[in-house]
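Just passing along the structure, written as structure tokens.
Letters A, B and C name the chains as they come in the text, with residue numbers starting at 1 for each one.
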């Protein structure tokens, strides 16, 4: 049934293109339509990636999942990058990390906990993802902690440091994959249990879907990125709230459906793996790749420096995840705690006077 | 014997009222007398609350303990609130959180550890309280991390955010009670073991004591709040030190007697429950309630923004408690560690030049 | 073989003295030669200390190791202190803490993990050192968090606070030794397993070596301290990078050899003990002793206030160590994580524009 709902949403893809042709200035409507169109496309992308991964064996499949798992976020961010909207790119990256760590994980634990009195999961795997997230947060925190200067020397320093840190994070991410897929797969055993019960598609269909849907996501993203700021203003939302919360929820919608459904089936390993794995993938792979790619397709190189408030939120989200996943057990209140921290962030961003962020 | 000492201290209640009539300007003496009068009153309040709780069954009793357990702190803070002394209110709230987390817990673990080689306690319960404290610290930290502006927009933002966060914290506190009293009481089993061996009073006496003593505490608090600043100056103590350390120690004196006595009886669950439970109650219930009440009885709405130094101290105290309660075991040195962190804070506040805080 | 290498390096001791006589202005050469000369001397000092400790029984031996274990760092820092180079002293202290916590521990876990699939160690001991480090970080963090003022009142406050905190840290360190050597030695059992297989020297030889080599280290340190800044400039390294990374690696070289060799022999308790024990010794003993000694031999009293970036790095290093040592198990990727955090710090310091630090 939830598949039918998602497929039904695909009808919004042609609608959004038609709407843009006829009413290019109806920003709020275009924004709403592009959101509705991205969600089913993201679900298709996610399913196609998993199908290819299931056919290609554990290692290649793991690699594919690890690089294409956040394809939607990557395509949206690349579109915003090409448009030079670096503030939106960074807000959506930080927002995706925080949303996956707090909202996706928290809602999974809450939904699972409302059905089961107590749930267990593989804490080794959860701690590994939390440690990688912590590493990424250190990389994002140190530059702003060390240099506040906005001088010319500071700008050159920031650019060189961003480049170096990006390479470092990608190396750490690659080594993390070697660790979990090659040398110590047994420690991550039950987290590899597959894709929440979908039947994999045939290879040809999967690859065609991957290619075609990626193009569609890119096209819809363009409408989304163009309309989001104007729509936000009309709807009375701050740009920080839109980038951090709205874009992150849209980009992660497909994964959330999988994570929540796994939690309701008492397969918490899968939920925790999707939520934290997705967050660490964005922090250690998507974000540094965007920094490197900005040298090629952006109007100017993008740095790895984030707005201090976003760094604090990422740091606190990582600490919360690290505290909570300490013993591999969960009950509904653990989910509430994570959601409460998320609610504090969302409320702060929603109320924030526009000029501050 | 320790009860007789406390009852004997009750003699200071009439003395402080008499002293205020005859020497309204002897601030240092009035300050000392009001401190000596509040301690036995707090002990009576605490015993009356526990007696009512014991008679009304687990759930209602837990609820009573959870709302009236810090009645002394609440009444002192309300008195200061009505007098518009928001700096004192906030210092005493932050101080109570830090003092309960570090001093009450640390001294309990040290006193217990000097008698027993190693002690164990229910780490689930301790971690739950530490997580709630962490949540509250995030709520207090985010506003100052995000907006430094003191502009008009910043003030409006702060006020709306304080209101929203206060509601959020009270909801989290209520859900935490549902979790520990209703849905998962077994996880908190031995922490519910009762009140360190007092015999409960009859209901009538308990309710009369609750009512009468609350009024007395309110009256003595008024003398205390009026005299504390002048006395501090005379004694060479900074206002930050008085609010943070002296008021917190006075307000928590009765609970400390219970927590220390339980630790000496190897009932560490009770000590940890009193110390961390009291800290999280102040952070998630007393503080937000005061924000809401300030709209009714204060000269102007009070915000949830604290002095950055106080936020850092609360954050570090929470982290220390979280590290220390990680494995549910304790020896004397764990108590020393907590007390040392407290000593660092107390020393810093004592030496702080007056204008800074 | 590695001993022969170290002894061979001793030839650089006379060479550096000769070079200083003939070419007192060849700063880069003198810097390189003094580095090469300090490493074997540090190894001799470390071996002599361990030999004396082995002969004097557990308690006195533990005390000796705990006070003389970082003699090289202490002598270098004392030389810089007498020369009034407080920035170098502080950078080298912060650098030693961070380098021992992240690089020495990380490389040990990586080297051990490349040989053994999974390694275990005594987590009680590791957590104790991590807690002491955390305490020291709180002491270094609070003064800067509380007072930013550079006024006269602020300076007096800083000086009194530094003195008080130094005494507090030394007391905590002493109590920690009472705990681990006297009251609860059984909890630290396997960490006391001795010195990675060296045969202890006879007492007379050990004492003579201790005395003589300390004098040599002091003399070479003088050349090192005089040449380091100029050499750094010539080599294009920032002063922050030299103090933090180069001096720390030189001062800890001997201990690193021991820690790495123990890890390769699957004696991870020893590696973790050396790395974290050394870090907490510098934070709780060497640093406060230098503050106290600065009143006697320095041109003016030295405070315990560090550059904010250094405080953040110490804090993050402590948190990383605390997260990683949580369960007493290790595999190669844990080492990579620690080394990555270290690489982030080193890269930041290397690129930092000179004026900022």
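The criterion applied here is as follows: a contact is a pair of C-beta atoms (placed from the backbone, for glycine too) under 8 Å apart; a residue touches a chain by one contact, two chains touch by 3 or more.
Just so it is clear, the model here is predicted, and its values are computed rather than measured.
Comparing the contact residues of chain B and chain C by number shows a mostly separate set, under half of all numbers used being common to the two copies. The two copies, chain A and chain B, are related by a rotation of 120°, based on C-alpha atoms and rounded to the nearest 5. Here the CA centre of chain B is 40 Å from the CA centre of chain C. Looking at chain A, residues 326 sit in touch with two or more other chains.
Contacts from chain C toward chain B in the complex involve residues 127-128, 131-132, 134-135, 138-139, 141-143, 145-147, 149, 151, 153-154, 156-157, 160-161, 164-165, 168, 171-172, 175-176, 179, 183-184, 187, 322, 326. By the touch criterion stated above, chain C contacts chain A in their complex at residues 117, 308-309, 312-313, 316, 319-320, 323-324, 326, 331-333, 336-337, 340-341, 343-345, 347-348, 351-353, 355-357.
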